[in-house]
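Notes to accompany the following structure.
Every chain is named by a letter (A, B, C and D) in the order it is written, and numbering of its residues begins at 1.
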Amino acid sequence: MSEQELETRLAFVRTFAQTSPYYKSMGMTLAEAGDGHAVLRVEIQAQHLNADGIVHGGVLPAIADGAMGNALRTIAGEGSQVFTAEVNLQYLRPVTGGTLLADGRVVKSGRRLSFAEVEIRDEASGKVHARATGVFVIEAGD
Amino acid sequence: MSEQELETRLAFVRTFAQTSPYYKSMGMTLAEAGDGHAVLRVEIQAQHLNADGIVHGGVLPAIADGAMGNALRTIAGEGSQVFTAEVNLQYLRPVTGGTLLADGRVVKSGRRLSFAEVEIRDEASGKVHARATGVFVIEAGD
Amino acid sequence: MSEQELETRLAFVRTFAQTSPYYKSMGMTLAEAGDGHAVLRVEIQAQHLNADGIVHGGVLPAIADGAMGNALRTIAGEGSQVFTAEVNLQYLRPVTGGTLLADGRVVKSGRRLSFAEVEIRDEASGKVHARATGVFVIEAGD
Amino acid sequence: MSEQELETRLAFVRTFAQTSPYYKSMGMTLAEAGDGHAVLRVEIQAQHLNADGIVHGGVLPAIADGAMGNALRTIAGEGSQVFTAEVNLQYLRPVTGGTLLADGRVVKSGRRLSFAEVEIRDEASGKVHARATGVFVIEAGD
């Protein structure tokens, strides 16, 4: 892949993240994107909490899936669609606040299946709060 | 467990769901709660979509986790905290709209670990879009 | 699918189980097979144990994978190959002996991906010791 | 932990692996053990194969679970019991032969739950064939 091609793909990923309504409603932004790699950032706010003040268990899979999906989009090219088939997430430490980074990476991308992983850590302390893996199917664009 | 005790627990679950900021921001409501069982409802709206018009992969784990967590709260009692240790979700069919029901059920609740499962289906068609299982730790309330 | 076709498929599954070296070395046999459904049986013996007398954590995924794979083979037809992409297993109760049945069932079989689930229970008591789900890719035979 | 203590723990792990009937029946041996880390080796033989010549899907979870369990035993101390609560395994490439190394590592070990991960690669080529994560409960020895 030429640098030009990579840049076109990364531009696709950036636009995807900027125009996804879900990203906006969740407060997620794309912090970084490279070849087979994408990082999402989300600042924990009141809207992410449960009634007991702990971040809802659904917030971490959301940014995990987003980071893995975008990591795959950096290699899939414009117009492609990334479908999640399965995600497995381990919650290592509860989250109560701060800013989270979800660091997604392509593990293997094959003809039929693609595999990715992600680590979610606190931006300030670097502590890892969750890790996830996923199986994906990519439908090529035009 | 007496009927009175069950009613107290279900009232705790209903209040929990009604007062969780995350439920409000995601448009999730508690549709049903019984002994070891809870159903969440979410009407898919623009805020749940990706840039390509498909529901973001993070929406389903969110309602999956919520339904399993509340199913566990119906047996855990007031003031208890339910921590997700691990969630595994299979995406059977992409979601593009409609209203989803997440039907959560306790599989086994032990001293150290609890297990739950959930099925996510379209309310109108009954089609199953996703299934998940989870491992949880419950910290007792007072 | 005609009854004749189903019978041909079930015969393929029975032969597969009877001639797989791994089944023999693990003491697994096919107890039952129907349309989208297969049950494996394994009698726990010394060879399945850890040094502390508990069944090794690898025994349950082995029969889980076998039961799901054969459930898929009943619908995939002769000569097809079933590749496991991902398996997730929950250990509900440790196993120390007895005879286990692994009851596998196809959840959804699509063009690109297939999903299955399995419940592992003690044959005598009916107690469920483990549950698993899996994602599979089927390559058609001739 | 003093060097003396670590050595006592590693001796416990080595004895555990050498005396487990399941290790013997599966042809698994402990190749390496350190603080929070253990590597299992298995040479693929006829007994690990399916009728179609591909390694059975149950072989990889077996060595995955073994490597993670022993990694945890290196920090858990003599007489402790490691119970698997959940395992998730991704099959990146089918295995047809060769010698596999399962490289297990403790991710986090807490009071109630422990997390581990493992990578399974071909010893000769270094190619990664599978990756797994697991949730465990450790019961302390005397």
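Quick note on the criterion: contacts are C-beta pairs under 8 Å (C-beta built on N, C-alpha and C of every residue); 3 or more make two chains touch, one makes a residue touch a chain.
Only a predicted model underlies this, so the values are computations on that prediction, with no experimental measurement involved.
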Chain at maximum distance from subunit A, centres defined as averaged CA atoms: C
Selected pair, out of B-D, A-D or B-C, that shares over half of its residue contact pairs with A-C: B-D
Proportion of interface numbers common to subunit B and subunit C (over half same, under half different): same
Intercentroid distance (Cα basis), subunit D paired with subunit B, Å: 33
Chain centre separation (subunit B, subunit C; CA means) in Å: 29
Interchain centroid distance [CA atoms averaged], subunit C/subunit D, Å: 22
Of all residues in subunit C, the ones touching two or more other chains: 85-86, 88, 90, 135
Subunit D - residues contacting subunit B, complex: 85-86, 88, 112-113, 135, 137
Contact footprint of subunit D on subunit A as seen in their complex: 88, 90, 92-93, 107-108, 115, 117, 128, 131, 133, 135
Residue ranges of subunit B touching subunit A (in the complex, touch as defined): 15-17, 19-26, 46-52, 54-59, 61-66, 69, 81, 83-91, 94
